[in-house]
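Each of the two complexes below includes chain A, the first together with chain B, the second together with chain C.
Take a look at the complex of A and B:
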């Protein structure tokens, strides 16, 4: 891992004698250990949790994949996109068209996962590549508004293309996740334990997440990744220093749309039947929250953020029962001050505000604070 | 002509409402350089309060509307003080995202207050028509045009002629210099939010008139003010009016003629027209018709 002899490094974990060791993804022993442990825990989840909770965990994983995609364009390259949901929808419908089964209302080609999954990334990536020159013309909040326009146009197209999406309020079933005849969404016995269908699919999604997260981390520390940060920090200065703006932004949008497409395709499989209304402004805001609450311009951040955004509503639902009835009613028609759904939405909004005001680096920033405290312990600095 | 003219008048009616909402965005943008994504929620809350004051408490309609505007102005000022003020000096994007958070919170409050019902605001215009130049047009469209343009003019005059308006313009020009000249910049921020929220309440009332009524999801209509501020120029009141009327008429004409002449574009295509205009507008004139081009320094 490092060219510094072990004896020299002892007690000096941050001593690096070459650039490669300093820039390594796991540049300290603690990071290697903790990543391994988290991965082990994630792998063991399907053996411990029931089907219902595994559905949530699978959703966390696919949210993380899409969230990493949004973080590439918005966190690293600083191009705020409210159109992420459209690219997710494109991926989902590409997958459903290629891998889904036809019905009286929608078309489907019933192809293998090895074909539809890459295509679910490539088709949105192509659209992102085509959209990037438009996006490169505007900056900052103008870009946010432009992508909002894209979002509404995309939603309209999805609602009208009934042969593809099933149409407004009707929807369609997702692609079948089977790889060379091996069904990834079926009960299987692994290591003597019978896993639920969603548990098996979770393991597959987790594998994809690990691959795509490492890939994104590697992109972020290459020349292109540094170009992303330069464009985010001051685009004119970056251009003056020879970073090609259009090409950099184009790469960011293309990559981000690729991740969005894969995430969208997997998401439809986790949640099942999907209507075109799913790919709305609210979903885009969800993903901005994943990035902001998790931590912008990090890879770990969106994974934490995804867990937070997906699990928080369930957490509230579970504990709403123990709150007084006058405050929160557990049914929509209940007489409490709020119902559970309103409480979830309210806390979600409040969380976004609190994180931006108090800790702009998100949950990952909270972790950095804790880490730095213990690094210097018992001294305060 | 029998279809065209009423369609244009209806477009001017919707368009002037969009312009009114857009002016709310412009006022906040000029003061704080933030695009306030919470505007739709402020609008829906304003409509709710109008409905509550007029129908629930039985106030006369004009009194109820003004009371709702005052209440919303208070809510706007409080929101600014609590959620936005800590972000002064932070990147504009963070502030804009905070307004998204505020949007979610206020929408939830509105959906709690409104519930599953559809509210009416108790306006006196209803569905009656009047004869204008030989054509029957809805009273309501005329009311929308008159009230919106009146309110926008009032804001324009306030900004141009009054002492407070001068202070607000100074703040938007340069906050630190304004501070050095004795302008209470923080109060100007609050004032901008209060004005904007009051205008949003008025626009919410206008959107809730007639047959439509107000539901919790009506809030998204207010996002159509975003194309308006982009086409008109994000810091120009005049631009908002021109672009608002233009987009309203374009939407209304699409609604009238598209099902007949271009049915392949799909149902409810008129809803997307403002956003298509937005995309084209950004490509052709990124700073809008009347906006100030942004000066970029390395």
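Take a look at the complex of A and C:
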């Protein structure tokens, strides 16, 4: 039992007299303030933006959840995975089956969100757990090919299982997001302002993101999280140190699949009707971009990356109009050198190349550099 | 000259004897038992120690010592780095009216033997395996030594020796004894007298073997009254909201005052640095409000800033250069204005604060420092001005073991650079008309050297004046300037009196110079032996792509010699013609306490350097160029590498 007067504590951010403060995620006042401000800004978005933009913002949030999941397995544990889309699809269909309504082609049990949302994570997690021993036997390029195989198998199954997915080119409606009768996807008046349905759902997704992001950050700081990093940096060395390879990789895949499933289930609600073609290689690559552009092996990174990947196409679309017509046409048959979709794809690829070469820690790494520049002030190190 | 004390002499209350360190700690423990009084970094975090913990440990140490047969007047040694146990032991020893004898952690075994024998230490508290090994090596030569208590069990667990005891066992004995005789410390406190000797502080011994200066309760109380309560060390006076870092050897009177006395007197929170190597990092964490350092540390911090700036990016260099210009203006103005701020300096400082001063002070751990002290050795005015400019006011203080570190200080707003300030409150100070020696008289003047009546009589005259051995002079009738140690003053063949330390300190303001010893006693001209600072010169060489192997190799590079030559020439510009150095030679090794070249306080032992590097000195005055060095025109490397042993043959 001891007391420390305020005069002894103030202005000494690096003096830790207990482990809790030493290990806190928000260990400086600046971090507490900035996180609070960003959170406040995120909470106020539905009160300021229209329905169209809120749709994008909601997509950012669900992308971030899935992105964090991929970052656990690929960023922290270093196991490259192209199969992320399959796990997202699994989550989406588990949710749709349990929480969606039946129609002439698809089945649906109309259960509550409290049941289908956890299951949307658990079922992909189980599949990930079963798949992991296979993946644990290989690494690098071989693992990428192996997960690519998983992707094709998954896509085929989704296309054939019409009772579940509605079948190729048809698709099905997502699960109904209601908790104990409270619809999370309906207009509501909050604080005197009428929010759009997507605005309300955005708030719910945001809450989930905060919880899952903090969880992931804490996993990364545990013994298991350190085992992830050890396996990533050198699996043989990790094994020599006593890190069980199979168990560690298995945990990484399982956790990652859980996040993917939750993200997939929420994503179908944001975008609405989904066909099995959605869960393809392209979506997996989108998420690799989220991780790489945002920042591998960070939690903030995928959130920034998600915002970038989701918002950049819209940004280009908006500003393509001000580019000369011979260079970029706004429609597919417009006759310019490129059309806007090609420009999006091109820029996307170029960005990934630039980040891999110049800043492997992504946008978050750029921030770290800026921060360290001023942190070291007036010195350079 | 003397002023009245601002704080009245206190007594410890009804029924008690005189106010000792122990009663002061007990008082805090009664008033504020759960308040943090010190912190020690262990297992990565700063562990809190409250006043109640402190007093409990003091009691246990006191009882344990008593149980082991220590009685009033017996000597107990402490051989440890700075850590809470040092304070527990020191205050615990005082609590049972015994005498603390501190040893420097760097003391080699023969010196340990000398100190233990000279003081007749009965129990030694040794920190770790290193110190225990030294003690065990000499235990047979110290018949008075009965027990060796070890603080750190690591490495010592398997030692079997009848005199060895772990600190846990030691405290357990104390606990058992406390149950049988709970009133012991209260009785001792009652019996305590002003004339009880509480500590033996051994002088560093630049000339002869160390002498143990006896400080009494009266001396310590006077020291606390002046240094702590009257702002003699830190001004405005220290209070409970102050934070300090303890890292200099506690067996030295300066650190004892800055740590033990300041803590027990004013209740500041002491933080113990992990080691001398981590002081910079610990400073940044702790951000003390009061900071005392020796000139060497201040020079090192200033050099560290310069080195780091060498490798900073261009924009940061530009920013630094710009605001350091402003800082030098601020420094000059402050110095010209007795250390008081003017409107101009305040405005300039406020402008520079967000761009440089705040961040710079934060990085060196001085952001919250409101008063800093420098003492124990002379410091170059340039260094003080530098720190004044960036907003860290350093007040030079002068004192010595024999007067409980109380003599003079530069008071806030009455600073004169180049002087050691005005006499402390309650202090009589005069300068002997014939010898120029500084004499002090006050209740802090020590009781004499342990078992050395002749030396005591030489230092302490019948009227109670302490002969400091320093030559000084009055500046403007109020401030005292120290010329040098009487024994160090050089009289050239031309009969001119020269103070070498002034020249040496100026050389040492260069970040590249670690040691400098000016020579010229009974010689035609001055010369100097220079030792380079390995860190900074290595960095300098690296940036010039200058390959080197060892310290000696680096020292003897022509480029390094030219660098040193430039520094010597620069210093010469500051001094009159007779005070200018004509030649220099490089010291081929890093000086060390263990090799007998430095004292425990890192002061150069001139006589031993004269012996060890006599061949370098002869090389200069015999007009030879066998060893690396140069004059003001040329430099030369050593002719051939001749091993030292061969040279002597």
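The rule is simple: the second predicted complex is superposed on the first by the 358 of 381 C-alpha atoms of A that agree within 3 Å, B and C clash if a C-alpha of one lies under 4 Å from a C-alpha of the other, contacts with A are read in each partner's own complex, and residues count from 1 in each chain.
In the analysis below, a contact is a pair of C-beta atoms (placed from the backbone, for glycine too) under 8 Å apart; a residue touches a chain by one contact, two chains touch by 3 or more.
What you see is a predicted model; the values in this text were computed from it and never measured.
Student: Would you sort A:380 into first (chain B), second (chain C), both or neither based on which partner it touches?
Tutor: second
Student: Should A:230 be classified as contacting the first partner (chain B), the second (chain C), both, or neither?
Tutor: A:230: touches no partner chain.
Student: Applying the touch criterion given at the start, work out whether A:120 contacts chain B, chain C, both or neither, answering first, second, both or neither.
Tutor: neither
Student: Between chain B and chain C, whom does A:5 touch in the aligned arrangement: first, second, both, or neither?
Tutor: In the superposition, A:5 contacts chain C only.
Student: Once chain A of both complexes is superposed, is A:15 in touch with chain B (first), chain C (second), both, or neither?
Tutor: second
Student: Tell me which partner touches more residues of chain A in the superposed arrangement, chain B or chain C.
Tutor: Between chain B and chain C, B touches the greater number of residues in chain A.
Student: Just checking: does A:149 make contact with chain B only, chain C only, both, or neither of them? Give me first, second, both or neither.
Tutor: Touch partner of A:149: chain B, not chain C.
Student: Does any part of chain A touch chain B in one structure and chain C in the other, and if so which residues?
Tutor: Dual-contact residues (chain A): none.
Student: Under the touch definition given earlier, write down the residues of chain A that touch chain B in their complex.
Tutor: Against chain B, the touching part of chain A is residues 80, 134, 137-142, 144-146, 148-150, 152-153, 156, 159-160, 234, 236-237, 240, 281, 285, 288, 292, 337-339, 342, 345-346, 348-353, 356-357, 360.
Student: Write out the stretch or stretches of chain C touching chain A in their complex.
Tutor: Touch list, chain C to chain A: 34-36, 39, 44-50, 240-241, 243, 269, 284-287, 308-309, 311-313, 316, 319-320, 356, 359-360, 363, 367-368.
Student: Touching residues of chain B toward chain A in the complex: what are they?
Tutor: Per the touch definition, chain B meets chain A at residues 35, 83, 86-87, 90, 92-94, 96-98, 100-109, 111-112, 220, 223, 226-227, 230, 234, 265-269, 271-272, 275-276, 278-279, 282-283, 286, 294, 296-298.
Student: Touching residues of chain A toward chain C in the complex: what are they?
Tutor: The contact residues of chain A facing chain C are 1-5, 7-8, 11-12, 14-19, 22, 377-381.
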